[in-house]
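In the part that follows, the structures are each spelled out as C-alpha cells.
After this come two complexes, each holding chain A, first together with chain B and then together with chain C.
Moving on to the complex of A and B:
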C-alpha cells in the first residue's frame, strides 16, 4: 500500500496534498497517510470523510505520529 | 502536468473545494479566456481570472488609461495614466499570477477581426461599454458557437447574462436591434457608480470559471439585473426567441457586421 507522508505539513496544505494524491487513484484503492498529532490528525480525516472517502483505521505510531488508512470513494 | 508545490499552495482554497479539486484547477490552467474591454468590467474580470489561474487570458482594448477611468477601473493605477490599457492590465495580471500567459490586442474589436480573435479562446467575456461592440460580440459568438458572458452597466444599474449559442437565449433574442443612436446615454454622459462594475464583472468572471469547470448552474436563459441604489437583484427568465434575427428559426444575420451608426463610445466623445 502506498504511504503518503504528510508529517510536518500544516493545515490545510496536508489535506490539499492528501486530496491531490487520492485524485490519482481509482475508487476502492487504499492508501496510508502519515499525519502529525494535534490539528492535523483532528482535521484531515474529517475533511477526507467529507469528500466521500472511507476511513478504515487510525493508529498512533511509536514516534507519536498517526497512520490513517483510507479507501478512495466515488469521484 | 502535475501541480508544483507553489501552485498547490496558491490554489489550495480552490483545490479544497469539491467542485474544483486538482483536476478542476488543471482545467482552469489549461483554459483560454478572451476579455473584450479593459475598463470598468474588464478590470475585476481580468484580476479574478488571473488570480484563479486561467492559463491564457487575452485582452482587447485600443484605449489608453485616462484619469477619469481610475474611479472604477481598478486594474489601472495612477502612474498608468497614458499607458495602453492592455499593457497596464497585463502588468497587473502578471504581478498577481506569473502562471498566466497574457495576450494583448491593442485594437477595437470589429467585424474584420473578431471571428479570428474569438476562435482562439474557450470562453469570451464582454466588458465593453457600447452597443456596437455588444451586438458585434453577440453575433460573432453566436455564429462561432462560442459561449460568452454579456455584461452592461450604467449609473446604478447593471445586467448580465451568459449565452450558450444554440442552447440558450442570446442578446438579440432579448434585444433584436440596437437602440437608436443617442437614445441611451453613455457612461461618460450619464455617470456610473464606481463599485458597480466590480459587482457585475465579478459575476461574469464567476460564470467563466463555472463554465470552464463544468460545474453549477450558469446564468443562461436568465438575465440578472442589479440595482445598487435599491440594493436589489432580479433574476428574469427569458426564453429563446424564435424570431431572433441571429439564432431564431429564420436568421437574417449570417455574418458579422459593424453597427457603424452606433460607433459613439464613451471615450470617443471626450472633448
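Moving on to the complex of A and C:
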C-alpha cells in the first residue's frame, strides 16, 4: 500500500496534500497516511471523512506518529 | 437631504428602540445597525457602503457585538439614512434598557465544528424579542454552536452553547480508535475488547467523536443548547452559571422570554440593575424553579449564582 508521509506538515497544508494525493487514485484504492500526533491526527481524518473518503483504521507507530488507513471515496 | 440650518423634521418613531448614539462632536451621531448573528447579505453590505459614503464619516466601525456602526451622521439626516437603508431591508439596532441584537457564531451550515443552527436561533430571537424594553437594564443574548464557545456565551444575560450527547452502537464500531484519539477531554478510551469506553463525567459534549467516526457507530443521542444565565461584562463583570442542558433549539426564544419575565418581576422597583445581580440577590433556586415549570427536561437540578471576577476594580454594590 502507498504511504503518504505528512509528518512535519502543519494544518491545513497536510490535509490539502492528502487531498491532492488522493486525487491521483481511483475510487476504492487504499492508502496509508503518516501523520504527526496532536492537531494533525485530530483534524486530517475528520476532514477526509467530510470529503467523502472512507476511514479504515488508525494505528500508532513505534516512533509516536500515526498511520491512518483511508479508502478513496467517490469522485 | 436637509441642509444645515434648516429646521430638522425627524420621525421620532425611528428613535424608539435606540441605536442612535450621540458622538462627541456637535450634531453628530453613530447609527448602530441591526445585524443579528453577524450575517450580512452582500446586497445589504453594498447599500450600507453607499449610505455611509453619502451621509457618514470616512469609515464604518465594526462593533464587538457584530454590528456595523455608521459614524459621524448628522441628526438632520436620520430619516434619510433610515429610509435609504430600508431599501435593502437594513434596520437600525437598539441600545439602552432593551433586548439587544443577538450575537452568534457562523453556526453549523458551513462550519465543521457547529452542532446547532445558531444563525437560525439568532434570527428567531431578533424577530420575536428585539428591542423589548426590560424596564431595568440592557439584556444580551448570544448563541455559540459548540463548546469552543467563540461568542463567550457566559458573558451574556442569557448565553446558549451548542452541545451533543453521543451514543455508541458497538456493533457498527470497527475499533479504529479515532474517537479516543480525537477526544480532547479524555472521555473516550479504548477498552480491552478494542471498543471505545465512554465516561460521562469529563465529556464536554463537543461531538468530535461523532464527527470523526468512520462508520457512524458514534451518533448523536441528543443535541441542543447548554444555557448559562446572568453573565455580564463591563463594570463589575459576572460569569453566567449553568441553568439548562440540551435545551431543544426550537425552545430558545420561549426560554429567553421566561427569563425576561422573571427578571422584570424580580427587578421591580430597583431601577437600573442587571439580571445577574438580581439572581445574586434572589438566589438561583427561584429562577431554576420558575424555568423548571416550562422546561422540566432541560433545567438542571441545582446551580450556583453568577460568579464574580475577583480581580475587578472597586467593590461591588451587590455582594454575592
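Following the convention adopted for this analysis, the second predicted complex is superposed on the first by the 75 of 75 C-alpha atoms of A that agree within 3 Å, B and C clash if a C-alpha of one lies under 4 Å from a C-alpha of the other, contacts with A are read in each partner's own complex, and residues count from 1 in each chain.
The rule is short, and it goes like this: contacts are C-beta pairs under 8 Å (C-beta built on N, C-alpha and C of every residue); 3 or more make two chains touch, one makes a residue touch a chain.
Note that the coordinates shown come from a computational prediction; the quantities given were computed from them, not determined experimentally.
By the touch criterion defined above, A:16 reaches chain B but does not reach chain C. Partner contacting the larger number of chain A residues, of chain B and chain C: C. With both structures placed on the common chain, the touch criterion links A:64 to neither chain B nor chain C. In the superposed model, A:42 makes contact with chain C only, not with chain B. Using the contact criterion defined above for the overlaid structures, shared-chain residue A:51 touches chain B, although it does not reach chain C. Touched by chain B in one complex and by chain C in the other are residues 47 of chain A. Across the complex, chain B meets chain A through its residues 3, 8-9, 12, 15-16, 18, 21-23. Residue ranges on chain C touching chain A, taken from their complex, read 112, 174-178, 181-182, 184, 208, 211-212, 214.
Per the touch definition, chain A reaches chain C in the complex via residues 41-42, 45-47, 49-50, 54-59, 66.
Contact residues of chain A toward chain B in the complex are 12-13, 15-17, 19-20, 23, 47, 51.
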